[in-house]
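Going in written order, the chains are labelled A, B, C and D, and every chain counts its residues from 1.
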């Protein structure tokens, strides 16, 4: 309720500041009996981590997850699962100079306006460091969704600055996505992206990006009308990620200039003939693939000077040193996947609460085109 | 929790089906002492109503709000405010033919998949009729926000199909917006829109639209990191409106191709120098105008035949008769305003719960450019 | 959240003041497919109603429930069920004289302290009139619990002033309970109670009472440790009823002076050998009958003068005229049953959300002694 | 929502099993600016700890609280406060023998029925070990309540088995309470209690107890009608403590046999003349002292054999070895205080959310008799 819990039945509460002693989360509501071990978290955390390539922040996050509770002899017990990661490579000295300054376009200023106090070390609570725990909690959701329903959630970088991925969403090769540091679906474009990012990094500027995500095998019927709609909760989940400025379901803003005859996804006994809706109708999953896209802004932490204020309200020229990502979207794909999985997990539990485990009817229409 | 309540401290629970006996809502958590009368609802409900022009559905909604509770001698008492509107012009006969059919791209199908039962009359609960109560609840939020904080929430239609409004957001004349049936900010374009809609209606097709909204005088500090962010809750609120497929805060998807030096809103002692962020940093209001845009899809209820299914899973050709909007975005502006106001209201109460009435510090920086 | 909603997954929001136009509720989260008609409410509402005997308030509540939503062709659809009862026999004139006075020990004073405004007509929101909607919502819960799980929730008056029911809890004859106006389990004591109440009414005083409730056939496993325990939520539900001052689960305060060897309910392959725990262990149902008792205070609305204050803070002598119950416990049995059913319903849905429909194991131990 | 979070605006989520690696909690919603240091927790944790006297379990809990987040330079920042305590003196070997057995009247059995899996080490999640974090979170609430409102929450043991404290509630000397291992208000009775407990311990049996609590200086107006009543939430909070079977507000079950003229607390311009209501009217604080009592059952973990079952459903004779309290009520006073403080804290924030910081009117009536 107070802002740091996501979900209602699969409720994830995160805590921790970027340069505090630790970050962590409590996952409450996980069904009992799920196999879970510390090793399960390694893959997705590594995908999200900084310091793996020259294109992301050089902070080294060799994050080891400790499971503090909720697991007995390798299985979840139904009690809250607490996860803890100690912060190691903190370097608070990098940030000391800006403790009394507000960077332009940064949460520094609004946290201070809200609370009258802020932890300036590495962005404190507003740092993208927090998203580590989203990914960790997402691992649990993804395991359960896969084992129980065969649901698979995967994302990719569909735009990096002016560069748009040349692969249509339905044809993405996820092995290719994992084979480059950008989560980019078209290997042929990767060298150009490397050069683009190298030039950007040298310039000291940053750039935005778009991440796409698809959840396959989502059964029809998930989503709670009218305010707990699947797409509404996806929108909240994705917009809550640092630096996100836009969320699209299915065709998103492209639908504005479409005709109804073009947009409506017709269906036959063999399934849907298209997927403009992104797999959600009336806030409820249709059985098609659930598709969303997320817009990331260019980060405001730049070494190029910008006009800001200090705590006394005086104008200052702010230069951000320290280790920052020139494009936060590059390693956002695992975070987008995690938030999508958390939404689906919560809706899955809410659906079976109201409608039972099997559902009132079995789906009679094959899901058709993703 | 179960899907039909919006908000946590200013909690709005709506109920009712399109062609049931009534629609209504319960608003719980309204501060005591606010002047409130049935007449307060008339203006916004009329702005949302169908049947006012030839460009919207011809269902006549002459909605009279009855206040059932929570108001004594013209003032709110702090107890729940129940609002009721009886459905009058129902015409259930229009819909009887499609009770056994699922329209393509319509919630008919997903409600049936979820619940195994559905009310086919006029779309039942999935009808845009439900948004009437959002507007009604929004009236209360808007009154309190205006009286207590001077907040003003206003929207307009910024795109209709291929037609984009020629007026920059910061220069919108809201008198002009209210002077035409499209909530369009540029009077010079209105005749072209009239012709466009007349042709569309004759063709039997529908089209999408984009609605923009701005909330002025929002104090800095509203919004709860990290999952109850102001933008995250705005995204959920706006995405929960029927037919919405995309939400943008500030520059939205335009930020993808921007540089950080372009996007970051610098500020001086005189205020912010730009507003790419849409007035929200780190999920907390900055004191600038809060700006969002919403993409509406073209409706799928068309008299042009489409391929669908019947309840036996057999392919059918579906033709939707009855009274439908060729563009639901046209009268969505009051709904977008209402949802924005509900989010702000809830965040205002949550902010003063945690940080007190006055806030830990008074804002030291003028809000600057909206 | 804001105080007028009970439950999380089976969420009941009530509204309305005693002498306002109407009272009502919205039940959100009811599983689809449950048969429901206005007639279903008649029996329990009549049991709760005033005006049936000379021993309760003479306000005539011939309450007709209107189902405004959520039911189609006699079945719940999964969407919110709104129930409405118009207030008829209001007699606001009875209360006009005390609008400026605070009765001793009455919510008049605290509502005014909290909100700075109050609806003085018949106690406004603090009136026991509100409990009508608890009973109505409880009808839905009881139907589902009975049909889905065979759960039966029944109560009786176990103490009236100094008179204690002579029947042990496990031997209560519920036909006898329903055959007298006191919900008293021992017919032989009823004439004495009649005389007792007649004398009390003549004296102008009031008296307290204890209501007992038992829920049979509750499956093992319901209840959410550690804060959403079945007994914790029962305690909240029962304490939220007007005039309740104490709640006991199983032996309650009698357990204070017991030994562990006496209190612990041993069990064998044939079931439990006793039920001191009231069917709940560690906050989770054990499969035994769930048993609770509730203490009602004597009402403070008396025609015998009492020292109070007026809104100016001046001492006044307050005499309450109007129609009041000399013992609110007398017709509280249906309310206690309803709140018990609402708690069980919510826990049932929460249990199947986390643990699935069937549960991880079937109970291997017969429930044994209730 | 999923059971391990207490409170809505001051939300405490606890985690951890008795013999797992650690226990902890996340406190979300704490107002910013409160001074907080690890040393603040020492006093109350020591009061709750086992191993201090021969009358409680001999497990040594030398609990050191680590603050993982939410505090910067000794002040709360408004972000979530995570607290962690490593488990040290675990001795899992003590419990290995009963992993396949269900003790009579113990949560072992119901956890297994609910989840199909349980952590048998030391009672796992159902252990009273969890209450450590309630006390820790309560420390934060108590500090804020004291600094902001002067509220002071204190408890004592009012009954131990058959022994009733000879001191009236309003005359308790809290220095005396703290001066003996029982939290007993009458020093003259302590030697008898020592002998009583020594004999009980030798017998191998256990006994129940009653704890009383009083919150002084609670302002009028806290509590949310009609389901979030102050007394309803107190009842839930107190009933959620391990081994609690009954909760009384004010006179509690004594009110059953009272007359209205006796029970109603009259008031004059000088304040209330009595406090039968326990400081709560209509679910809202009246400005008087808030008073409650809690009944603890005798624990079921006894070395005297009892009839139970094993996981195969076969009857077994269960003997509980290990370290157990012969009366859990003895060290429950700090837990009861903590839960009371958590309820008041949450209600304080909720009150100022709806009604503002100062409240609509200042109290005009002195609180009078506690």
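Worth a mention:
Methods note: contacts are C-beta pairs under 8 Å (C-beta built on N, C-alpha and C of every residue); 3 or more make two chains touch, one makes a residue touch a chain.
As the structure is a prediction and not an experimental result, all values here were calculated from the model.
With every chain reduced to the mean of its CA atoms, the largest distance from chain D is reached by B. Comparing chain pairs A-B and A-D by the number of C-beta pairs in contact, the larger count belongs to A-B. Inter-chain centre distance (chain A to chain D, centres taken as mean C-alpha positions): 39 Å. We define each chain's centre as the mean of its Cα atoms; on that basis chain B and chain D are separated by 45 Å. Centres computed as Cα averages put chain A at a distance of 26 Å from chain B. Among the residues of chain D, those in touch with two or more other chains are 1-5, 8-9, 14, 29, 32-33, 78-79, 111, 114-117, 125, 225, 350, 354-355, 360. Per the touch definition, chain B reaches chain A in the complex via residues 1-6, 8, 14, 102, 104-107, 109-117, 125-126, 130, 159, 161-162, 205-210, 220-229, 231-240, 242, 244-253, 255-269, 273, 276-278, 280-287, 295-300, 302, 304, 306-309, 313-315, 350-351, 354-355, 359-361, 363-365. The part of chain B that touches chain C in the complex is made up of residues 1-5, 8-11, 13-17, 20-24, 26, 28-29, 32-33, 66, 68-70, 72, 75, 77-82, 84, 111, 114-119, 121, 124-125.
Of all residues in chain B, only 1, 8-9, 29-33, 78-79, 225, 349-350, 352-358, 360 touch chain D in the complex they form.
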